[in-house]
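Data block below; observations after.
Chains: A, B, C and D, in written order; residue numbering restarts at 1 for each.
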Amino acid sequence: VLRHLLANQPVTALDARGLPYVPGPAPLDEVLAAMRRAEGIIIPMNTQAQNGAVGINLGAKGVIELELVASGELGELHHVRATYLQDWLLDPSFPLVWRLDRMQSGSGAHGDLNAHLIDAARWIAGEIDEVVGLSETFVKSRPLPAESSGLSGKGRAAARGPVTVDDATLFLARFRSGALGSFESTRFAAGRKNYNRIEVNGSKGSAVFNLERMNELELYKTSDADSARGFRTVLVTESSHPYIKAYWPPGHTIGYEHTFVNQAADLVTAIADQSELRPDFEDGLRCQEVLEAVARSAAERRWERVGLVPNAADAATSRVAEPAPRVPAGAGSRRRK
Amino acid sequence: VLRHLLANQPVTALDARGLPYVPGPAPLDEVLAAMRRAEGIIIPMNTQAQNGAVGINLGAKGVIELELVASGELGELHHVRATYLQDWLLDPSFPLVWRLDRMQSGSGAHGDLNAHLIDAARWIAGEIDEVVGLSETFVKSRPLPAESSGLSGKGRAAARGPVTVDDATLFLARFRSGALGSFESTRFAAGRKNYNRIEVNGSKGSAVFNLERMNELELYKTSDADSARGFRTVLVTESSHPYIKAYWPPGHTIGYEHTFVNQAADLVTAIADQSELRPDFEDGLRCQEVLEAVARSAAERRWERVGLVPNAADAATSRVAEPAPRVPAGAGSRRRK
Amino acid sequence: VLRHLLANQPVTALDARGLPYVPGPAPLDEVLAAMRRAEGIIIPMNTQAQNGAVGINLGAKGVIELELVASGELGELHHVRATYLQDWLLDPSFPLVWRLDRMQSGSGAHGDLNAHLIDAARWIAGEIDEVVGLSETFVKSRPLPAESSGLSGKGRAAARGPVTVDDATLFLARFRSGALGSFESTRFAAGRKNYNRIEVNGSKGSAVFNLERMNELELYKTSDADSARGFRTVLVTESSHPYIKAYWPPGHTIGYEHTFVNQAADLVTAIADQSELRPDFEDGLRCQEVLEAVARSAAERRWERVGLVPNAADAATSRVAEPAPRVPAGAGSRRRK
Amino acid sequence: VLRHLLANQPVTALDARGLPYVPGPAPLDEVLAAMRRAEGIIIPMNTQAQNGAVGINLGAKGVIELELVASGELGELHHVRATYLQDWLLDPSFPLVWRLDRMQSGSGAHGDLNAHLIDAARWIAGEIDEVVGLSETFVKSRPLPAESSGLSGKGRAAARGPVTVDDATLFLARFRSGALGSFESTRFAAGRKNYNRIEVNGSKGSAVFNLERMNELELYKTSDADSARGFRTVLVTESSHPYIKAYWPPGHTIGYEHTFVNQAADLVTAIADQSELRPDFEDGLRCQEVLEAVARSAAERRWERVGLVPNAADAATSRVAEPAPRVPAGAGSRRRK
């Protein structure tokens, strides 16, 4: 969604609020450059809303612990195994809500769920070079909704309409680092409600995060004694963990909404410290490039390089340098080097 | 704590705010009777603060799901197995914070943690008739604190003082219903942060709640087919579960603080509906009676009947009728029959 | 069962096979002394059979991993929390099999299940000084069996008989070391099939073993970094773990029967090495003393000291010295110091 | 491996023992036809040995429970998510054992581990139509072994040799039924020892099997009440489960070796009953076809149809009819319809 907005919009200035002012077409790299020049801080917004902006809440902040352990502690990464499983479309009589209309939502499970996985995976393992994927729509038409909100809805018996987005999108990936990625997002996994689960296997250990148990991190370290080695279930509520020290004593958990509170805290901290805020628009763009490469791959049934858009050479050239891996240095202080 | 306050205080009126006005000594049953007569609603407060009032947040609202399944669905109850395990006193150099001073806190793990277990157990399985227990203080003296807040603190090396409360209190119980209870609270269980875990075994099934995974309930039903019977890990975020429908879509969890939000919602609902609010002062008193019976049992090394306080016959006679089991009927509508 | 056999039997010799020859009544200490003098090795037998002999398979060999971590690695022990939960008596129409007849079985859940917990607990935490407990029989009479074997049976509709054993026995314990124990065995815990679960909390960490997942050990170490501390799920199939190196590669699990194979291996190894074999008859006796103290406590409704049998002063005096804690030194080589 | 053996071997007869007698080259369909004509029973052998024959123990018998629930109970299948994760090659100094030499082993993680996943997936979800995959060798050369056996080995410092097999192979698949498959096998997943985990999502529920907890099955049913719906952890030791009734009472688990015992039991039963035995040679061939299609896909970087081997038209034509899905009807009685 972001790319369509930006690709068809020039950027000659940023307005007083620090938002891009785009009177006409401009290459992507100019957009990014303008954003970087801007005084003030560009506020990433949140994909939970329909506006398609940059803040990818769950992907970035919900896996903060993964970032911690991934920054060197797991060694060289071999595997990223990411699934985002839900089941709210399993019932064929569930109505045709806006999320199932490509005109309104851009895509289905792919843009809604894989976006979180990709953002988190980039954070942890760096850039993705190439992908191969497939998409499927299991239920091709659904009853038109009488009304709907959020993930729920109620169908009318009579009229039906076509589902124009994917119910599930899977892809394999090769990271620039040499790591292999397996990604899967679906709305048809019975029993999985918000199963945003990422497993990372490195040369020194492994880590697993699952949003359904977001106060926990599973961690395995090869440096543990052979006879006492196993996945640790870490309850990430000690004051040594990021963010949580602003909440409750150990063992007192936080919930989904607090990932947004954390995001806001990062923003306020970045403003106060004049520090860089991540994810930023470039992170959003990189994520979008992967999403689009997967979409092309599924349509063309072939491997696709990320960023090599045939009709958008500007996009390719804008990726002059690899963005630095995000270095965790406390809430709100991840700086692009 | 409550009992000491009430037992030495008369109640002749309730003030404009609906709080008991207690100018001098009065029997407990008069206190309760006055509270029941009171116009308006008596606001249970929260044991998390130092005031020792009635609202026992975690016990009552955190196990709401247990209540649901316990109300008939599990059949006749045979076992209640309750543990509240923490480990913040494991380090002998942890300082002598107020919670370790009997004058300020009343008791240690017993009043702080068993109170939650007892309140939850009464909710689920009804009144407790008799108990036998033991208490232990593993670390008898600790450095005086330079400063402390909540569950953390920092000691001064030189001066030390005696720990005057229990580090752990365990007890066995017989419920009026015939069920057996096992209760254990400790601040010395390495690795357990807020392990308020209650397992209930009934003739038709079992249920387990653990505050460290407060968005889940484990549920076993004997009516499941023999070949497909097992503990279900229920993510209690469907709109059919109480409270949660006011929050997020399925799979989007809530945190510790929301148990207080739920408590406040119950209060507001009860005011709006003129309905009964539970837990009420009587629940607090009953809980306190069990706590005291256990304390007597540990001191006297014998079985103790709950409520039979030698020097407080009034307390005994005030228990004219068994309080009705709490019937779940949605937030804020549990009425004393 | 053992005590009754031994208490009414003298021991003047051991026969050629190394088994005690008991022509007439003798004090317990003479029995033990004779056994210790015996040339050859006394073969512990297995409580799974009806003979009531000494080898307590699950308690001793099934928790081998607990022994490992308990031998110093967990520091000073504060808590032993042991439950053995089954549910095969939940159905009131289950017939009156031999296990429910005190004349044949000695006791119910207590002797059958608590025996395993006690043996394991002694192994890990040393001797138990005193206990307080309760027993309950939830279903007082059952249909007489047409036939039965093992844990299954089939009732006849017409005739019924009284259940003369306990369905559940719970007790609290104080260990000589200062640790506190909580024990519970029941055949009425819906959904628990063979839930022999022991949790140990020490000053340096905690460990949990559950027979239903006998190839795993949960282990928590306070020495882990604060931000990466959690219970490790150790799959005990590395060659560094005892016994397993005789089986399969890592990750390839063993089953219930292999605990007996391990027991036999210990015996053969002890014969070959002329080394001591544990558990031995004294372990069996100590376990029996705890069982009996709990039974007295449940009957008398009071705390009981272990070993202080009113009518068996010989038993008391036989406990001259505390048996040494079992030192793990590889399969078959645990020597009584 | 099988295909290479068969493709270069004619089959004109079966010998007295029911084994194929292969004096010279013959087309694959003749081989299969000869095997089907054979009197007696063809004995599948076991891939654990180096002979590369047909019995795929873990894939077929270890997931017996998945088969049960998959046969209709889960409805129309949408997703098969299969991973076989190990970590024994994580150490770069691990020596170049025979499994890392393509001449001896055929392939690495792919043939060794994906073979199990594919066999199980076919059993559950039917034939696979097309695949796209990738392979990677993370450590390109290793020290030559002084000696090695099984999964262990010990390197010599000096001499090194090239690793000629894959360390990891991932692929996506489309099943003939419309289900989507995600497969991943690796020997570089730190902390995973024998993590043969298969998750199936269908229109009526989901099921998960993990060989590391082979006595359990996770099962989710959409028909459960909304407020009590969750993954059930089924301990598959009830007598209603297949095979287990020949072993122990409920809750008493079996181990890895018993999957071979079960396989032998199936064979003996099939001989006694003159019934069909599955998996048979055709199952082995179908599995091999998928393995080869994935290998071609990884080499050619494109989607590949299963069975369409350019230079082996005979193989294609031999798949005249889709093999019937295996119908569970008790051990040893799965008949090809």
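We take it that contacts are C-beta pairs under 8 Å (C-beta built on N, C-alpha and C of every residue); 3 or more make two chains touch, one makes a residue touch a chain.
Being a predicted model, the structure only gives us computed values, none of them experimental.
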| item | value |
| --- | --- |
| More contacts between chains, A-B or B-C | B-C |
| Centroid distance [mean C-alpha coordinates] between chain C and chain A, Å | 52 |
| Centre distance in Å when chain B and chain C are each reduced to the mean of their C-alpha atoms | 34 |
| Centre-of-Cα separation between chain B and chain A, whole angstrom | 41 |
| Junction residues of chain C - those touching two or more other chains | 192, 229-231, 235 |
| Chain contact topology (line, ring, star, complete or other) | complete |
| Residue ranges of chain A in contact with chain B within the complex | 86, 88, 150-152, 192-195, 211-215, 235, 237, 239, 247-258 |
| Complex contacts: residues of chain C adjacent to chain A | 68-69, 216-217, 219, 221, 224, 226-235, 238, 240-241 |
| Chain A residues within the chain D interface of the complex | 74, 78-79, 81, 83, 85, 87, 90, 132-134, 136, 138, 168, 170-172, 174, 178, 180, 182, 184, 186, 188-192, 201-206, 220, 222, 229-231, 301-303 |
